[in-house]
Amino acid sequence: MRHAAAVLTLVSLVACGRDEAPAPPSSTSSPTLKVGLLTPGSINDGGWNAIAWEGLQRIRNEMGAEVAHQEAKTPAEFDEGFRSFGARGFDLAFGHGFEFQDAALAAGKLYPKTVFITTSGTSVAPNVSPMVFELEKATYLCGIIAARESKTGKAGVIGGIRLPSIESTFTAFKAGAQSVDPKFDVREVFTGNFDDVGAAKLATLSLANAGADFIFHQANEAGRGVFQACSERKIRCFGSNKDQSGLAPDVIVASAVLDVPRAFVHMANLVRTKTFEPGVQYLGMQEGIVALVWNERLKPTVSPETVAEVERVEKAIRAGTIAVPRGF
Amino acid sequence: MTRLLIGIGAAALAIAVLAMAAALAGHSPADVVGVLFDGALGSPLAIRGTILKSIPLLLTGLCVVIAFRAGVWNIGAEGQFIVGAIAAWMGSPYGTIASMLAAAVAGAVWSSIATAMRLWRNAPEVLTTILLNFIAVHILGWVVNGPLRETSARYPQSDPAASALPQLAEIHAGSLISIATAIAAWWLLYRTTEGLRLRATGLNPSAARHAGINVPAQIARAMAISGAIAGVAGGVELLGVTHRLFERLAVGYGYSGIAVALLAGLHPLGSIASALFFGAFVTGAGELQRTSGISAAIATFGQAVVILAVVAAGALLTSRKPADA
Amino acid sequence: MLQLSHITKRFGQTLAVDDVSLSIAPGQIVGLVGENGAGKTTLMRIVAEELRADGGAITRPERIGMVHQHFAIVPEMTIAENLALIDRTAFRFLSLGSIERDAEATVQRSGIALGDVSRRAGELSVGEKSKLELIKAIAVDPTLLILDEPTSVLTPMESAELFGVIRDRTRRGTAVVFISHKVPEVLEIAQRVVVMQRGKIVADTPRAETTAETIADAMVTGARATSPAGSPARSTERSTPLLQVDSLALHRNEIVAIVGVAGNGQTDLIERLRATRRETRIGFIPEDRTRDAIVAEMSIAENLALGERRWSKRAGAARAKSLIDLYRIRATGPRQRAGDLSGGNQQKIVLARELDRRPEVIVAAEPTRGLDIEATRFVHEELRKAVAAGAGLLLITSDLDEAFALADVLHVIYRGKLSEPLTPATAAERAGRLMAGIS
């Protein structure tokens, strides 16, 4: 029995790459685009690494690109993976995390014809750039909704670990709320991790006790605790990163949605059309990667004026007439 | 001699099991093994990758060899590796040698905490060293999110260390350090009274005590040496490869060291071959994933196969030995 | 019933059992004697299916019980739990009451007295432990019972009890193999005596046709059989004692024996003696060789070097070579694994290591336990030589004969208490009773 299980495990490992259909032929006559991806963990994690893998699959399916992936856990492997992609003449190589920056810079020097993109980061070279997602643009809108709809004049934000990217979304949330009411009170709590559902729930309850009647979270898995507490206290909240309305349809008003796979496709398009310009690649609403998605069930409970105002600001952000502040 | 045969057999078994699984999943076994070899040894880049990955494995393997030889289950190479890396980073402004010394001392101190708990409260090292791993991981998480966070304070990683190991053909001096450590460990075990007593302590602590050996002190020294080697592993990896501290720095080098040590039959020089085998396996598995989409997790699976094969062979051999003829 | 034909067994380069054929009939008591390393234990472990023979054929009786020289009990468990362990039923619910009732029944059936079965096995005296082992072996109602040195830790009275049990079993048709070094004992109990030497059976005679002398000769054919020419002359001058604990004082050139049945506080006494002499390392020959003195996986040279302050591989090998010659250790060379040697040769390594440093004080606990005649004589000679050269020897033994053969002064130890010093002459009358706690 155990042997059978072990064999199954191994076979499934080996079989991993085989459940894809053969790549569709390239629609253009130009040589096939070659795209590589390094993830710091298993693509079966249902989270950070899985969305990058999905992005790579979309590049393959939508653009007919030849793709390759490696799970690279150590800097030695980052280096080796990037160099291997460069040596095999890849057009584009992604490193999914800020920790890939040093390896990208080193490989970028050796292989100038390959573009190296890291997911977040600051390092830039002629063929090396980070892509930075502007979830802030959507959280700014969440802040506007909270401030306009709140009866108490208070809202709370709950974070997992105090990371700059997370603090930045809170900054934008606060800015959005205070663009409506400069005295609007936004309280911040960090639980210290991304998986303690109970801690997130307790933090939410304490914010509710302090009078907050809107909660925004950036706690990943622990976010479920936020939704539980909001359901109990009948206060409203926002989903983050993806459309989370289904998790608590009675309390989630809207979600700040981030379409990471699309960011990968976007970068691949820039490289294919030779329109890639080095520099930090801020990817947000214009690129269709960040959006505010309403919970259609609760949307009617929101005042029509607020809905209209959100639409107006969103247009202004897309047009660039409203600048959303970032934490960094 | 037997140990050598067991080791070669276990390594071959790991590759055979992999090829078999490949066949079951519809890949050609010959292709898979071919890519594995090619990805590990087929080009200068591949060879460099194999060597770079073997270096920390050899050192953590030696850490395990020394402790196991003294009869102590040091499962804490991972944690000792981490504190070694942190100490090396902090020592790097004073040069590579100071940095390496700091790494060794930090590793030794970290493993000695387990010894202290054994001597004072009889806490088993198997548990304490594992728990110390968790503590080290959290300390690392804290320093890169807090005091040692990069000066731009953007990402949870440190700035690059102030010094780096010299390189030759893009292979850092850690290669020499690790091989020198292997030879030194062999010399210590087989050519000094310290090693003689250490081995006697591991094989029969009671006889060692009656022959006048101070067994607790012997164990304490072995653990300190073992921890120092793992600390150096962390320091070498930091100054040679990563240059920065970040949360996922160690990724199981300490645990893989156990596989390296077992495959080597707990022999320091055998560990060189054993570490190269695992380094090659991991590197080849990376290539396999890049070209065939086969998950690199097979490298971990290969390690498991090797450990099971070596342990099973060892158990089989001891069960056939006479107790008292 | 038991039929062995052409059995062969090899350990590495050593031929432990060499083409042995033997058959044993129901109800027969066979005494199996021979030097250490002659292959007695190995042969019987093959019979008990603990080892597999390299060659030959065996017809085994249905149930075999074997009692080992080394205890195989779980000290943390009670007597009852230890007895419950022999139950081979695949699955059964147990309660404390049921296993204790079963245990009492098992003890009763065995005909051996063993008090309260709820006592922890680790707290039993050595004699009681060996009784427990015997009960375990008898509990399966064996058709063949193998006893390996069963009397080595028993008092004379307990040995007599054991013999009663053996005779009782044979009346029910059980065959018994009795492995021993003690020729008089074998002559007392066995109906047939089989002598092994270097893996072969060299004599197989009915009890009636043999004597202690013929057996001894068969065991050590070719070996010189002269006893040492008495104790070397010793200085009678009484200097300050090297060692003094309670009424016990040990001087230079003196042998003090502490006799007693094992488990009467000898271990504590040894620890106390060691504690009084921390600054200089005493020469110490522990009672349990394999546990406390020899590192089986290491070479002879390495075992000889344990505890040395300075050591280099080359000098160590040279020294080992000369010690192997000097102490007549039968080995292929300094690099042979100590664990592959016979008990007697292992003991010679311990002697060589401990005596070669010329220690002032030697503590030897049961130095000849389990050794054959030749090795015993050798150990005694070496100890005498060391004492003649100026050392003081404290001999801890349960063998009265050994104490009388060596000691200048005797103490009896019983329940942790030392008797007054006795001269060999007074001890001859009183020691046996003191050992049994009768004063």
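The letters A, B and C name the chains in turn, as written, and every chain counts its residues from 1.
Operating definition for what follows: a residue touches a chain if its C-beta (ideal position, glycine included) is under 8 Å from a C-beta of that chain, and two chains touch if they have at least 3 such contacts.
Source: prediction; values computed, not measured.
Put simply, the chain nearest the middle, going by average C-alpha positions, is B. By number of C-beta pairs in contact, chains A-B lead all other pairings. Measuring from the averaged C-alpha position of chain B to that of chain C gives a distance of 44 Å. With each centre defined as the average position of its C-alpha atoms, the distance from chain A to chain B rounds to 36 Å. Between the CA-based centres of chain A and chain C the separation comes to 75 Å, rounded to the whole angstrom. Residues 7, 9-11, 13-18, 20, 36, 40, 42, 68-77, 79-81, 83-85, 87, 98-99, 102, 120-122, 161-164, 328 of chain A touch chain B in their complex. Those residues of chain B lying in contact with chain A across their complex are 17-18, 21-22, 24-27, 32, 45, 48-49, 52-53, 145, 152-157, 160, 241-244, 246, 248, 251, 282-283, 286-287, 289-298, 301.
Those residues of chain B lying in contact with chain C across their complex are 190-193, 196-197, 199-200, 203-204, 206-213, 321-325. Listing the residues of chain C that touch chain B in their complex gives 11, 14, 16, 37, 39, 41-42, 45, 51, 69-70, 281, 284, 286, 290-298, 302, 305-313, 339-340, 342-343, 353.
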